[in-house]
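We call the chains A, B, C and D, going by the order they appear; numbering starts again at 1 in every chain.
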């Protein structure tokens, strides 16, 4: 079939904000998408079908079954195949005016500068905090605009970082919001999410790229937009340049390797199977620290102390009991266990490993 | 490959707001998606990969080239094929736990009640004002919740209509915001749009469906959410029940046929080709009513009177001239032509048909 | 008194901006405002089919507008 | 004085809600508030790596909080 770009992009060029001029800017643009998962896959497809002329996709990973609920451009038959490769082939099937290529290797400190140097706009669709900083810092060093997106459960974050103003200065970047890579964030396991917020954040990133390239609308610069899918609430945090941050030095001195969860002290932990053996004993005292006191718990609970109001000072220890503290994921229960052990060192107390979720 | 639902939905069931219980509610749910275009296609795919158990897709139309920039689950090879059929096959390729079927016929007053009666939730992805009212009214009659979405250029609207409250009453519906089908909306031609806002509205609709079925979060009831993609601004209009509206009667008395553009008086119009013949003559006076006075115009303009500030009282007519009023689409220029002709009946004045866009 | 007007959908095109300051007589109703807007922008002649919100709340023609109110003009849209 | 706290990302899980009223001494700074929150919710111990916004504006630890301020606790997120 003979498909003309006039016909393909008719519904865009009819917009006075875009026109043929805007369409040509898109055609000439070179965009790099790093990460081809929940964010990266719609980003790549929507950018290509918008008419971005050159697109390069990067992801080291292969498709897994638990990706499919939110990475909707992969099909069941794609499981175990390269994400970047499959996504590039999906782009080809629907975007005849886009030149698409891919890299199926991880981005590292050694490769990042070379990788981004040939592109006009960098889009971050990765799911690793340290790689997000690596990309941010590299964009600052090479003066590239970065379209940032990320999420946790129902909260999605979006921003356009390091955009060059007319006076030559650059807008805020990730380190103006979060100066250092937070280590020790309590929950390192994948938190889970529903697919709409992932798609919404991806499309807000696409929207930034199109606005930036076609010089239309107002970019999300010097701010961080947060969208919450449970309440449809939008929050915009205004940012300010932090002059005490020297990214060139940081880049030189960092290795950008993953940081890991705090390791929990094994002597304060009880596994689900061990707990099963003692849970019905009279000497066992189960303490729930769930905030929702009416949550269904699959075993008997003797005390409910919502974490929100927990205070070690108020606790009356019974030294004849063996305490097991439980919560959903084993994070807040561990925290309570630590505090009680600190205050009452003679107490026999354990946190249920990985919480009710793993019971 | 053996794909289990546990593995497929792992990242959803891990959320305490969803869990296995929420996943089962999704599996049992029957959702009808009417319209399989820019809104309907991501809606169908994201709902299916979220685990909605039964999905029925409706669209009478076939894929055209100018759909492809925003209807991203269709590929170039799908042009001229049935949208509903292709979309159903795309669902099957990625959602092993969804039972999907389709209808490739238009929804009419005669078929709508039968169509929606078997479903728990109705999603409107259509692009016709009168069909949107038809679906709304049918949902009210059959007491079905309706997830509404629509858009114009960069503005997208979303709401959950006719949701049954615990006391048995129903939340607001489309007619509480817009009591009657607006006839005569100035611009009936397709206005054009960029693909991210289309996808964002679709995903906000998906988000409503998932919240509704799993009883999670806060629904967009008794309000209309408007998202503007150019400024990333969100506006929520609170609605109130309008007791003077009797939908049963309206349904009985309406035919829900498309309303058309106001017809412009041909004696006040000049076509692009006629205009070409006279545009360089001394007697021709070209008046631009574009609001952007620095917009590029592909021919000589003698006067610029931004439509925003136009007032027929301020106009000094020169009866020796032949006036041609121009704008982008021929809508505001026609309006100005009408007003000037009314005030100065002897004036020779024309509006350029379909505006600069068609020149 | 001064109020703020917001425009959505097709009304943004008709008026040419998506917001503006607007001066109105004390005690004016939504109905009065509609008439004034039609007089100024005749392409808004269908404004009676549009929704009007004051401070994000749907209002009727009889509602009285007060100083600094944010009045939104919300037409139906039909794209999909 | 009373202020409003908003929580985002992981902090919603730690605290169990996404907003709450909170009472604070007059003249308290963002730094003071952080310490109080860590004392109450020890899992917020990384709060120094989080962004704090008052009335939607990023602030430093030395900023003084005033009555009715809306203070948002914004942790980094890493999902993609």
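Going forward, a residue touches a chain if its C-beta (ideal position, glycine included) is under 8 Å from a C-beta of that chain, and two chains touch if they have at least 3 such contacts.
If you're wondering where the values come from, they're calculated on a predicted model, not measured in any experiment.
Taking the CA centroid of chain B as reference, the farthest chain centroid is that of D. Between chain B and chain D, the centres computed from C-alpha atoms are 40 Å apart. One simple way to say how far apart two chains are is to compare their mean CA positions; for chain A and chain D this gives 21 Å. Counting partner chains per residue, chain D shows two or more touched chains at no residue at all. Along chain A, residues 153, 190-191, 193, 231, 236 each make contact with two or more other chains. Chain pairs that touch one another: A-B, A-D, B-C. Remark: chain D residues 6, 8-10, 12-18, 41-43, 45-46, 49-51, 53, 56-58, 72, 74-80 touch chain A in the complex.
Within the complex formed with chain A, the residues of chain B that make contact are 1, 3-4, 7-18, 42, 45-46, 49-51, 65-66, 68-70, 72, 74-77, 79, 93-94, 96, 153-154, 190-197, 199-200, 203-204, 206-207, 210-211, 216-218, 220, 225, 229-232, 234, 236, 295, 328, 357. Within the complex formed with chain D, the chain A residues making contact are 35, 37-40, 124-129, 132, 149-153, 155, 157, 176-180, 182-187, 190-191, 193, 198, 224, 226, 228, 231, 235-240, 291-292, 306-308, 331-332, 335, 338-339.
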